[in-house]
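The structure's right below; bear with me while I get my questions together.
Order of writing sets the chain letters: A, B, C and D. Residues in each chain are counted from 1.
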Amino acid sequence: MDDYGKPKEECAVFGVSLNTAEAAGIVYNGLLSLQHRGQEGSGIAVLSGSGGNISCIKSTGLASEVFSGGSLDRLPPGCTAIGHNRYSTTGSNIRENVQPFITEFLTGRIAIAHNGNITNAKQLRESLKQCGINFSATSDTEVVSSLIAYRCMKTGNVLSGILEAAPTICGAYSMVILGYDGRLFAMRDPCGFRPLCMGTGPHGTAFASESCALESCGFEFTRDIRPGEVVVAEKGVVTKQTFLDPPRCRGGLCIFEFVYFARPDSIIDGMSVYEARYNMGHILAQEYPVHADAVCGVPDSGIEAAIGYADESGLPLVSGFVKNRYIGRSFIYPVQSQRESAVRLKLNPLTANIKGRKIVLVDDSIVRGTTSRMIIGLLREAGAKEVHVRISSPPFRYPCNYGTDVDSVKSLIANKADMEGIRIKIGADSLGYISIEGLEKACQKCMVPFCTECFTGSSGEITRKNVLEE
Amino acid sequence: MDDYGKPKEECAVFGVSLNTAEAAGIVYNGLLSLQHRGQEGSGIAVLSGSGGNISCIKSTGLASEVFSGGSLDRLPPGCTAIGHNRYSTTGSNIRENVQPFITEFLTGRIAIAHNGNITNAKQLRESLKQCGINFSATSDTEVVSSLIAYRCMKTGNVLSGILEAAPTICGAYSMVILGYDGRLFAMRDPCGFRPLCMGTGPHGTAFASESCALESCGFEFTRDIRPGEVVVAEKGVVTKQTFLDPPRCRGGLCIFEFVYFARPDSIIDGMSVYEARYNMGHILAQEYPVHADAVCGVPDSGIEAAIGYADESGLPLVSGFVKNRYIGRSFIYPVQSQRESAVRLKLNPLTANIKGRKIVLVDDSIVRGTTSRMIIGLLREAGAKEVHVRISSPPFRYPCNYGTDVDSVKSLIANKADMEGIRIKIGADSLGYISIEGLEKACQKCMVPFCTECFTGSSGEITRKNVLEE
Amino acid sequence: MDDYGKPKEECAVFGVSLNTAEAAGIVYNGLLSLQHRGQEGSGIAVLSGSGGNISCIKSTGLASEVFSGGSLDRLPPGCTAIGHNRYSTTGSNIRENVQPFITEFLTGRIAIAHNGNITNAKQLRESLKQCGINFSATSDTEVVSSLIAYRCMKTGNVLSGILEAAPTICGAYSMVILGYDGRLFAMRDPCGFRPLCMGTGPHGTAFASESCALESCGFEFTRDIRPGEVVVAEKGVVTKQTFLDPPRCRGGLCIFEFVYFARPDSIIDGMSVYEARYNMGHILAQEYPVHADAVCGVPDSGIEAAIGYADESGLPLVSGFVKNRYIGRSFIYPVQSQRESAVRLKLNPLTANIKGRKIVLVDDSIVRGTTSRMIIGLLREAGAKEVHVRISSPPFRYPCNYGTDVDSVKSLIANKADMEGIRIKIGADSLGYISIEGLEKACQKCMVPFCTECFTGSSGEITRKNVLEE
Amino acid sequence: MDDYGKPKEECAVFGVSLNTAEAAGIVYNGLLSLQHRGQEGSGIAVLSGSGGNISCIKSTGLASEVFSGGSLDRLPPGCTAIGHNRYSTTGSNIRENVQPFITEFLTGRIAIAHNGNITNAKQLRESLKQCGINFSATSDTEVVSSLIAYRCMKTGNVLSGILEAAPTICGAYSMVILGYDGRLFAMRDPCGFRPLCMGTGPHGTAFASESCALESCGFEFTRDIRPGEVVVAEKGVVTKQTFLDPPRCRGGLCIFEFVYFARPDSIIDGMSVYEARYNMGHILAQEYPVHADAVCGVPDSGIEAAIGYADESGLPLVSGFVKNRYIGRSFIYPVQSQRESAVRLKLNPLTANIKGRKIVLVDDSIVRGTTSRMIIGLLREAGAKEVHVRISSPPFRYPCNYGTDVDSVKSLIANKADMEGIRIKIGADSLGYISIEGLEKACQKCMVPFCTECFTGSSGEITRKNVLEE
């Protein structure tokens, strides 16, 4: 629960094709439901009229802030729209990198919202510049948008453009694209690094990063977009499904989606996030049983695994902490002499549930170890006799190339100490990380292979076609 | 879980007497920890220097907003300070009613932060005006502050003033008072309607509406302020404890503190809030057993009772919903055609835990019934075979005179239908409210009698002394 | 034109009694027209209904900011209202000192807006505290408001209260008072330190600090409130005029109103401000003639005197500078190496009018001399052959007790150097300050004697009755 | 003085090449000095480091707002920078159209700030799209920036790119361009529609829309950029001057710069704006003499012409109005019943100077006539015996294609009535517009021919080369 060093996922996307003109409002609801995936910027682009006109409002801030004060009403009515929540703060010129990104080219306009990380963005940028394309911002998304626009122009067709552009893009991308032709496209990279799913409602079709957003907006979850799949919707109806070439790398769905990123009420590639976390706890209890009195999870992301641990171990589940929901990320602790106990303002132990007990504490990860040490300290102050830490992900030691923003490799505790060293540093009586096999087993209902590079470091990517190759 | 009609508690208070000059920073932390009791205004008053000077910063907004941008640093260093979070929006001139309230009088100054509701405020105001006292704002707190100031002046002593003023005040008050004499006073009305407790830390003494704030600020909970008790602290140390006359009414601690208001990690008058809620669930399971498959609570306040119900009934506890924490109170649903399903943006059911199951749904209260109906609808859409609603408070039918802001009596569902009528209206398969006896039993470790007027309507107040009676 | 050290006047007042319910809107217009007298806070209080209810909105900022976003519409309709613009930044708790100030007492409520400085405010405060009155803010206005309220209560009548309170108040006060009895009162201290006037319109009567506000709001200027006069209006009509005892001090109308504070389109006590400034220039030309080529004024306040100088001397008047109206008071000059020339961003010389010419530069005052030195430097850079400075006020050397906020006496250039020393310091070829006699002659149409203490230092105040003397 | 319908000029540009790294701070000062040319958006782009990196901060609002709160300090140090103030509100997506605009292309980056109007922007946009160029915003500036970038890439050199791009651009453009090669370019279209000048200071060279900004920032005005000229500066020094082909249209400097847009302390193409306006008044007095008592100008833009009229006619000049400087453009008049007199809040007549007099009122233009009618009404209420209106521009009847934003042609009073009709509508005793010849004579020191299309309607543009022609 190291907030600062914790892996950070970048972005959420949402798109709808309807037979009514309320697309922007629905997308707004979708963005609210996906706010947990990115809180630094938000935007909506709507296709209006019959001439392929695209209007866009986007800015830094939460969706509810960007679209407050009537700005949502300033978007024109339209049947097709996409939206985006942004996480990353990279780039000095944040405002220009907020999505959706619009590109106008010879034959029309497209708007794009993208979740992922393009590993060959620099090369694509250079290649496109060689083709005479200019750039006004600094983001990957402008590169992808320009690339697709370039291919659209060459082929005279948005879908063809997308299908020609895709094989030249390396890395992780789950994206929704608004075409001047009135069509909405959803595309997921061949490895399927980031989730993307679709749903059907009385007025049309929606695509979302997570299924929770479909349900919140009144759509019934239909299925996931498969890795390498491109789905086209028009006037509310899915009109085409097609596939990109199979992946030429060993990547897969980022397993951290199940460990930490996704909302527990989402189902990703056939696997319920809630159930995956529950299973992680279950397996942790098998891999690292311990004689204890009670199990508790670190809110919010350790809760479900704690339930699983409790059920498997037969130990009672207790609420160990109350989380203060009014303390935002920008909080600065005002009293110097008490900075050590700052974590207590965010998490206060429920003494009644802890006192005199041997506690199993379930959390999703340890990054630098500082916060874990403080949380364990709180339990001991609250009278815990023993604290046994169980972590629902393996130690991660390697950087992620596909959109997860981790601390520098050097600061990761798993690179600075062995298991016993970590245990001592965080002050636990025992420590158990789930095995990679255990983690994969917990998520085994998932129909897509996993990327576990951050645990193993093995990279298996195969280079893509050059953008200039025709 | 009817957010709008839900009973609303007014305010939190926090005060510290230290032997270091960091009082304002500590109070700020205390206010952060008590933000759940009031989010509409916040303020801190500090006693600085030796001349009884009191500085105050207060404004509308969350504590983190009021004290952002360096405004906390503009308060002078001081060893004694009090703070307040405000709930109510009554009064056209909100800004002037934000607390702490400062009164300067012939012999000095006091600042006061107050939680409760003075039932004879109008009469006190008139009496004080008869004594020549003027008013510049419209709140009860100005009345109490002026009354105490008046008595302080007459007696030449802050404590004497408080002790003489108290018998003339009717209703609910838990308050902290900063005196020009460098002393900090904590006072709770003889019925003890609202909680108030104290703690000790390395640098002094703190008083807080709830014990969770003491712990979050590095103080060890010592004990509750007893009903009718006045505690005095000076230079960090408690120097005096005294008692007001016994209550002349049948009031007691507001039992809704245990049902809904307080944070589960607080202990009020000897009773853990967490445990009380757990017990409520336990007793509900005895009073209203049902043949079902799983138990789930409505987040956040139904969760603990659901755990108790599950444990007593032997039914498995499941997470039934995921709550969207990014949707604030000011949210307006943008899509007209889907307004019915607006609640889904806030609460999305975890289908995997619900589908095909007979569910026991535990919530803390039903006010108008609208939200309950929508939540039950969500469960049915998620495939629940049956929904059995269990409520951890009796039906409330009467207005509260002691600081809880309920809807108009007419709009309360319990005044519009009988039990079966309510069940049908909210669409449940069965409905059970905990009995008053059951609720009291759940909280029986509480050493203070309860006020249950909102359930029973019986008022037992005895009139107080007139302010002018000497 | 030393912006920072320049004498600062405190506040504007405006009040209307109408036979329609648009009082608040009219007062808002009045405050806009008087914004030049105070830009730090603004407020409006309206009497609504028949029960003497007073509603008030006030906050820090310009009137257009305080009443933006529909907050003006939140004031209830009412026929009687008062408003205030505040200058001073004294007091740590600015927000509570913004006016109008409301006092509720035994028999009703009053609201007060006050321009001036009460020299015995501390004593009054102590006296009132002796009478049992409390205070919640730190301003003079609360003292005056409480004092009047106290007397209102004693006499049972607002007018009587005002008339009994007035003789105990020392110093400068021009105020408008809203009474619970539906009447509006305008009162000016017996010396008449600050201006106050009245006007009549189709729907009623208005009182304003300056006549320009009457005209801007559609009222015809009727006459000034005389020193020591109290005027009462009710339902739009003046119903009573009465006088306080004659002044017992040598004070009079602050002559700086004509030199600098007032808007040139105002007429104060029979004297047009425009004409007074014109006359000052006229007389300066007689007292300090010089052989030169052109006359120019420092915008904005030196312009009118420059016209007068030009007309009397026969020299042509030229525009010497263009003032940048987009640079506010909070401007910070970003380039260190050019800070010396910062004044140029505010005032740029019109080289065509200056080059090769001997210039007479007319300004209203010199405080610390820094800005004057920079302005003269600009003229020389623009090619002025000579710069002859003429100042339309005598050197001021003494602090003001009546509401003008001057720099510390020590920093005043006139206390640090003789005439030749000042001339050298500011870099002028010659320097002439108008004589006190000349200044008084320029304003001789004014029917009220002047206070010139800041030039002469002679104070002639006579102590008032004690507040407790009956 | 019809604020709403008044011709509106679009934008100001400023650029510096220095031998110190304070470029951003200097540009900020320049933008402050040019704020009168555009108040809706502001931005600064700085070239930093040796790799051609360009950083940019831009947003909607005044320069002082955009660069408040330390945002100026977030720009890196650099020797070369450009800035822009924006007027126009066209385009739904304002934020993306704020300048400077940055384009990155194959061989580097450029940033551009542009004042004017490209008449063939649509065609250029289409042509560029044909070349494969994409667009992400909707402004002319993106088109010009992309066009130049395209040519830069083709030629491998920024200057060559500019020189090749220019002949294909039609319309008005005065621009500053920041090149990745460290050079700063200033270019003015061959007709010279908009002003552009340069100055020298101790640390380098500056380019500005108006000379007033040079002086305010410590640069000495050197000369104007001639129509069709391109000037290159590098490391603070001008390194090259060259010329575009001669104009192939009958355009010229927009004469409204002298009438209304420019600050009076600027000198444009050899002609002092102050002097031009003075001359207009002079000539108006010759063309439309009248027997009257006094002359006054409508603040601010009629003041200088009034001085000229007074001098030529021998009539005394008086201040006729005081302008309220606290009423912004967004002001909404709150009192319905007095809306007619709303103008009085902005402009209050100085009765003393007007009463009983026959007044010559000098203004710069009449658009719809509404405001003129109100102002004349104010003079009559103030007692003017006669009001003779003199306008320092001819009636304008035609739209402007070069960056001046006028009302729809239909709403122009000069298209709805003849001279006598206008006189009657505005309520004047006589009315005189300066002749076109008179206006040109007043500005005859200007060394560039004028564009007077808005008066005459004759358009003489010759089509440019197609962008694709090599």
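By our rule, contacts are C-beta pairs under 8 Å (C-beta built on N, C-alpha and C of every residue); 3 or more make two chains touch, one makes a residue touch a chain.
What you see is a predicted model; the values in this text were computed from it and never measured.
Ranked by how far their CA centres sit from the centre of chain B, the chains are topped by D. One simple way to say how far apart two chains are is to compare their mean CA positions; for chain A and chain D this gives 48 Å.
Centroid to centroid, with C-alpha atoms defining each point, chain A and chain C lie 61 Å apart.
The distance from the centre of chain C to the centre of chain D, with each centre set as the mean of the Cα atoms, comes to 37 Å. Pairs of chains in mutual contact: A-B, A-D, B-C, C-D.
By the touch criterion stated above, chain A contacts chain D in their complex at residues 55-57, 59, 74, 92-93, 95-96, 101-107, 129-137, 142, 145-146, 149-150, 153.
For chain B in complex with chain A, the touching residues are 20, 22, 25-26, 28-29, 32-33, 35-36, 39, 62-64, 72, 212, 215-218, 263-265, 267, 272, 274-275, 303-304, 307, 317, 319, 321-322, 324-328, 331, 333-338, 341, 344-345, 348-353.
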